[in-house]
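Here come two complexes built around subunit A, the first alongside subunit B, the second alongside subunit C.
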Partner chain A sequence: MSLLKPFSKLPDLNTANILLVENEEQFQQNLANTLVEETAVTVTVRLAKSLPLPMENDESRPRIDLVVFIINLTSDKSFESAKASLKYLVPGYFLGKVCFMATNARHASVRTGCLDALRQLAVSLHCPLLFAEDQTPEGAASSARRLLTILKVASGLVPNTTALYLSNLTRCTMPPDIDQPSFD
Partner chain B sequence: MDNLAKHLLQRLMRRIPASMLQSTLDKWGRLTAEKRKSLDFTQSKLTITQELVALCEESELTVKHITELEMIYVTENPNQGMWHTFQLLDPEDDAHSVELMQFKEQFKSHLSELKRNVSVKIKKHTDEAVWIRVAWGDGLSRPNHLKATYVVHYLQTPYVFVNALSSKNKPLLLQALTLSTKHQQIKAANLSGQKLTALRDLLMRQYQQVFPTKYPSPLPESDQSISKLRIEKVQAEASANRHRMAGETFGDGMLPALQSAFFQLETKFKDPTNEAMTQRDEPFICSVKFSSSNLLESLRHCASSGIASTPVTPLLSSIPLKGRNYFVITDNVPNA
Partner chain C sequence: QGEVRADRRAAGQLSEAAESELVQQCEEQFAQLEKLQNEIILCEPDICENHQEQVDLYVVAFRLAATDAELKLWMSMQPSSLAANAEILLHAGKDEMLKLCSELEMVVSCCEAKRDKLRETKELEQKWLEEKKQVLLAANDHIERLRVEKEKYSEHNILLETKAKIQKMKAYQEQLMESLGDILEKHVPLPQDESTASKKKKNIPLKISEDLVSLSKILEVLMDKVMNTPHDPYVTIDHTFWPPYVEMLLRYGIAVRHQENNFKIRLETFF
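The block that comes next holds the complex of A and B.
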């Protein structure tokens, strides 16, 4: 079984490597094109449909600093595929090197409970949950900017900060129940 | 112009959309140029109809001319109504040399032998299709032009497309077709739909086919831009395989716009968790209908994106390979 390990390879100079995992393989291409336009850091992007990644590419693959799961909330298959891919990551990744990105959150055909289930998953894994708009280039650009912020920290290019410190700030939390009275 | 002709013209005008009216009337050519110019096409359809009826009365046009107009309209806009396909079988030795005049005479004579009082109009379209319009009457009444049957046949191919045929007249039409094309049998081809062009393109494979090749892609270019080098698809081979297999099954580029597929399942219920149903001996009858604005395109996308497993199951691949969209599936022989 080829588990993905965060620190098993040596890093390159001024390089950040990101892995985008998406079942539909649509949004990841736009995101990748925007991400590589960054000039301050050399960003390499790997695109995958699901984990595990094939063993044959293992040698040529660099150290992956951030794994992003892109989940389309209108499709159950997307969510199931992302959940199934999670077990191919070593637990070390969940200390700030995994991020969830949800698309189509406002779509009319989102099944009730799907967003909550995703939130529960992100909370239990202590990962940030971002929402992205995938139909326009501006949407891709803004999601890419947010991912870059997290990516630079996760690849160690920001001094005095590590991915674990950042994840304490960015990780997803369940919103308090509206039914419960907030005053006594 | 008698009442029937007027009625027919009015019904026809309701069918023809306002945008196509002018071009259809021009193609018809039965009204002189000045009469056509006098029609003001910016008015409401009702007004245009009334003016047109008056003009036709002046020119003393009859039912025959109105049916010409209807045929022109249907020939130009074949994607309406429900078309059913039939296949001719067992050609005789000289079936391949049947040509248009011979076919026309034979068809007309066979059909009038089988039923009196039918009105038949045969026309050859620019794309080699023979269009036949049949208005059915019987020994007592005149042909009913309001419910005419249209038949499209490409000579020297075994396929016939039929629209608006009642079951009473079906054996007569089929027999006349079989005899006039010098075949011995005709059977239903299990392909029907609203768009004639899609059915025809599917059966005659008028879309881009993909053939299996040993070396599918040319050598990669060496001077790729820097940004493209930094993006890499990790599972590119699996994805390329899926695309290739989907293309080989369904074809490349624009696919014929087939709109539905119907599966009638008569198989035993198979669910290990549901004892009550699996204990029954009779087959579980269930029908599944797929519909889409372009069904083949969506099936190809299912296969290439991994939603449907590849190699594509014969249940789906039979649609383009056998050119059918109605299937009855039983336990022993799938796609019977």
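The block that comes next holds the complex of A and C.
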């Protein structure tokens, strides 16, 4: 089993490495293109369909600072594949180095339980849950901006702030009314 | 690690001595980093043996432990200056100040925008409140008016007022009838039998019936008939009515004859 470990390799100077995991492999392209445009920091974006990552690249791969799971809410397979990939992460990653990103949240064909299940997952793992709009370049740009903020902290580029510290502020919480019984 | 980055950035425009000192600091930090990294790699095999199935339970415990450790570290850390060299500090300080200034400007503009939005909201709310106050005032006025009207027009009141009106009218009617009676008595008395003395002069024997009624009585009879049986206000002239009186009534338009029967008269409205 090749688990992804957060501190198994030495970091590079002034670089941040982000791993985008998406089952459909669509949004990650646009997002990657926008992310590498950042100039203050050298951002390396690695794309994957799911974990575990192939063993062949293990040596050449730098240490991953932030793992982002991009989940398309209109397809169940997306969610299942992300959940399965979670097993290949060491628990050390969940101290602020994992982020969930949901797309198509406003789509008509979203199954009702899907968003709730995703929220439950994010809450149990104490990870932030972001919503992205993947159809326009502005949507990609704004999600890239938000990811960069989290990435900079996760790779230690922001003094006096650790990923754990930030994740305590950004983690997803269950809104109180969801716990009450629905009236369906 | 944060220190390493900051140092690296500041190394842009420095003198030889400062730069070398900075580089040395970086090397020291990096050496420490490598040492820690090796320690971590040695520790790691212990962690991955644990079950990956129940990640969320582990995560919570992990977070608690990690937060505790971080807290301890922060408590024990002493604030120390970045480097001994003043030049390095100056450069690093300048960069930080500029960054801070731009961030604070952002905060200022954000707060101003919020404040303006709140002002707008406040004005809208005040307008709304004013409108509602007006409505309340109008409603209260309406209630007052209705209450006053109700008091004025309550059934009991109406009853009392109507009774009072009826009383007044009755009294007036009494008065009128009295004065009518007085006038008639004074000016239009019952025809008397002539004294025997004038009988000799007059050749026409005035055949006066014994039971002639006075004009007031005639009028009374007419009025009663009209009031009591409005569908049949006609009174038949009989011998009790003195003909000259009847003629007088007819001429003045106080009474009119029935169209078909000359012996019937009724009271007429006259002026």
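Miscellaneous remarks
As a convention for this text, the second predicted complex is superposed on the first by the 177 of 184 C-alpha atoms of A that agree within 3 Å, B and C clash if a C-alpha of one lies under 4 Å from a C-alpha of the other, contacts with A are read in each partner's own complex, and residues count from 1 in each chain.
Here, contacts are C-beta pairs under 8 Å (C-beta built on N, C-alpha and C of every residue); 3 or more make two chains touch, one makes a residue touch a chain.
Remember, it's a predicted structure, so these values are computed and weren't measured experimentally.
By the touch criterion stated above, A:T149 is placed in contact with neither subunit B nor subunit C. When both complexes are overlaid on chain A, the residue A:E24 reaches subunit B alone and has no touch with subunit C.
Of the two partner chains, subunit B is the only one that A:R46 touches; subunit C does not reach it.
In the superposition on chain A, A:Y165 makes contact with subunit C only, not with subunit B.
When the two complexes are overlaid on their common chain A, residue A:R61 makes contact with subunit B while staying clear of subunit C. When both complexes are overlaid on chain A, the residue A:T173 reaches neither subunit B nor subunit C.
Subunit A has more of its residues touched by C than by the other of subunit B and subunit C.
Looking at the shared chain after the overlay, A:L86 reaches subunit C, while subunit B stays out of its contact range.
When the shared chain is aligned, subunit B comes close enough to touch A:E37, but subunit C does not. Comparing the two interfaces of subunit A, the one with subunit B and the one with subunit C have no residue in common.
Contact residues of subunit B toward subunit A in the complex are 227, 230-235, 237-239, 305-307. Remark: subunit C residues 1-6, 8, 33-34, 37, 40-41, 44, 47-48, 50, 52-53, 55-56, 58-60, 62-63, 66-67, 70 touch subunit A in the complex.
Put simply, subunit A touches subunit C in their complex at residues 1, 3, 5, 7-11, 13-14, 86-92, 94-95, 124-126, 156-160, 162, 164-165, 168.
Across the complex, subunit B is touched by residues 19, 23-25, 32-33, 36-37, 42-49, 53-54, 57, 61, 77 of subunit A.
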